[in-house]
């Protein structure tokens, strides 16, 4: 069931579609979201595809000591990020539920994905 | 309209930079302005001063510089993405104890805030990814 | 109306499935770079329900030898037509 | 005997299908980097018929929070065990 | 039907799995095959996945004047490349037949792919 | 055994270089020699002299240099792949009219024939790709 109770809207939507650790996509996407939040924009995140792994509990630093993304998500929460959307289909396909995740999320069914995209003035898709 | 482009792929390795350049010229030919190109992720390699592609291949760094010279397009590079990938202007090079610079002078290092600003000040922002 | 850009072939990446799920009823989909491999008749079934809203870039079709193999359901546009599509769309979203 | 390395998740790339088709009956498959997402129970069905020949790298599972989610049919090896597998195999083939 | 009449063997197998034009993978893979042939090694190529598009007839240069790969394949033929294998499944999935291709190929069914790999002393998979 | 590694991915952008480094240390810990690491495709960016990653991240270029210093591992970079991506030693820089160099001195530019040679002279060659 959808939890989208009001029309999604905001200045900035950053879509996170890449898995953590394997590449820098997630990290550089979060950096952009963080700058947006620091500049006072209302920022939403949408996790989709392998991007949903980014919020999995229990992640660690990389084996060479690379920082994980957990601290960045926590910073975003501190900056009062407006909405953290997650694509339910992507979550379920990977055998995950919201209980597996680090932060509370707004579950978006496929039928409402386009509404989320249309509701933001700027979209960056990483 | 005022267009901006976001380039996320390095030259040669992927077609992204080629597509972005072609798009820029096509947009200008239709009467638009392409005021800014922003380079992020591996796209920062488009600003490599030392790039020396074979003579029978397009020289993308030069092509970006031509675009700036001819149409006044600003070439902006995310400084954080550039530093970890080895693209430093003279000031950053000095700050990190390196002599010289590896960033082509027509490109300028700037922050991510600039990218968000571009999204607000330009009517269209088109992303070319690897 | 949004214009979505896709530069991956449906035969090797599953990102096209995410694009389709995220598209609104009026959104357009523009295939560029390796995305144009999805425009050939044997692959276009990966993009159902996009009549009149599915485009492929002529220059990328031609360099790959696909100009004559593009399915009739796909609208071929050149770089000028691509720019025109971005004029009409409020925003573009690039998938890769 | 060849050891195949795979660093892509089966949920986003179809390269795992090509690996499976190219594997000999005794070849092993080692999941590393983002490949280890294929080792979780909800994804491991993408790798049928590899009993005892499917491995995943512990360090990459742990950094991703997957250590406790790895399917029982997958043999977890650490970096030392990965090196040992490359000693046994005549050659390795990396897929990406 | 398989055309593999003798056991595949050779010094060097270069696997081409990436499509032409979109990235440099195909080009840099062919460069390696070319060097191998120039050094007198017996070189085989195996086209698989989107790599089968590399041999399609009628390709042109890139829109910025990038060279296509057609001339490189022709050079490889000149160097007497030993075998040009193609994965039949990949070919058929893309609606192609051998008649669509620039050069004569040896069609390999899935059941014999592993034999091709096992028969070469060095394998580079691009 | 004599091992060689082939690195096809740039540092930071992908995990390939991180994995290769960890593999090298694990192989050495098991008593093997890692005599050569060859960098091709975007892997050539591992040799970027100007790389300046944040202080709280591993410095991969330095880590490769450490491997060479401690274990004698040769660091070889494909010259054709390097030139088009902007990695030039002093000689290539001069030949292309650039001052200075962008290749870290511990790395050496070489041809693809060297990669084939490595395949013949080392017992194992493991590829780490982006």
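First chain written, first letter: the chains are A, B, C, D, E and F, and each begins at residue 1.
In this section, a contact is a pair of C-beta atoms (placed from the backbone, for glycine too) under 8 Å apart; a residue touches a chain by one contact, two chains touch by 3 or more.
Chain identities (UniProt): A, E = Sulfurtransferase TusC; B, F = Sulfurtransferase TusD; C, D = Sulfurtransferase TusB.
Since this is a predicted model, take the numbers as computed values, not measurements.
Trainee: Strictly by the touch rule at the top, which chains does subunit A share as contacts with subunit D?
Mentor: C, F
Trainee: Provide the labels of all chains in contact with subunit B and in contact with subunit F.
Mentor: A, E
Trainee: Farthest chain from subunit D, going by mean C-alpha coordinates, please.
Mentor: Most remote chain from subunit D, centroid-wise, comes out as B.
Trainee: Just grab the chain with the largest centre-to-centre distance to subunit E, centres being mean Cα coordinates.
Mentor: That would be chain A.
Trainee: What are the two chains with the top count of C-beta contact pairs?
Mentor: If you count contacting C-beta pairs, the leading pair is B-F.
Trainee: For subunit B and subunit E, what's the span in angstrom between their mean Cα positions?
Mentor: 34
Trainee: Centroid from C-alpha atoms only, then distance subunit A to subunit E, rounded to Å. What do you get?
Mentor: The mean C-alpha positions of subunit A and subunit E differ by 40 Å.
Trainee: Measuring centre to centre with CA averages, how many angstrom lie between subunit C and subunit E?
Mentor: Roughly 27 Å separates the two chain centres.
Trainee: What positions in subunit E touch 2 or more of the other chains?
Mentor: Residues 21-24, 49, 62-63, 122, 125 of subunit E each touch two or more of the other chains.
Trainee: Multi-chain contacts only, two chains or more: what residues does subunit F have there?
Mentor: 12-13, 15, 22, 41, 57, 80, 125, 127, 130
Trainee: Would you pick out the residues of subunit D that each touch at least 2 other chains?
Mentor: 7, 11-12, 15, 33-34, 59, 79, 91, 93-94
Trainee: Just spell out which pairs of chains touch, all of them.
Mentor: A-B, A-C, A-D, A-F, B-C, B-E, B-F, C-D, C-E, D-E, D-F, E-F
Trainee: Give every residue of subunit A touching subunit C within the complex, in rising order.
Mentor: 15, 17, 48-49, 87, 89-90, 110, 113-115, 117-118, 122-123, 125
Trainee: Which residues of subunit C touch subunit A in their complex?
Mentor: Touching subunit A from subunit C are residues 2, 15, 18, 21-25, 27, 91, 93-95.
Trainee: Hey, which residues of subunit F end up touching subunit D in the complex?
Mentor: 1, 3, 8, 15-16, 19, 22-23, 25-27, 29-30, 32, 124-130
Trainee: Could you please specify the touching residues of subunit B with respect to subunit E in the complex?
Mentor: Residues 12-15, 18, 21-22, 56-58, 63, 130 of subunit B touch subunit E in their complex.
Trainee: Over in the complex, which subunit C residues touch subunit E? Could you list them?
Mentor: 7, 9, 11-12, 33-34, 37, 40-43, 59-60, 62-69, 79
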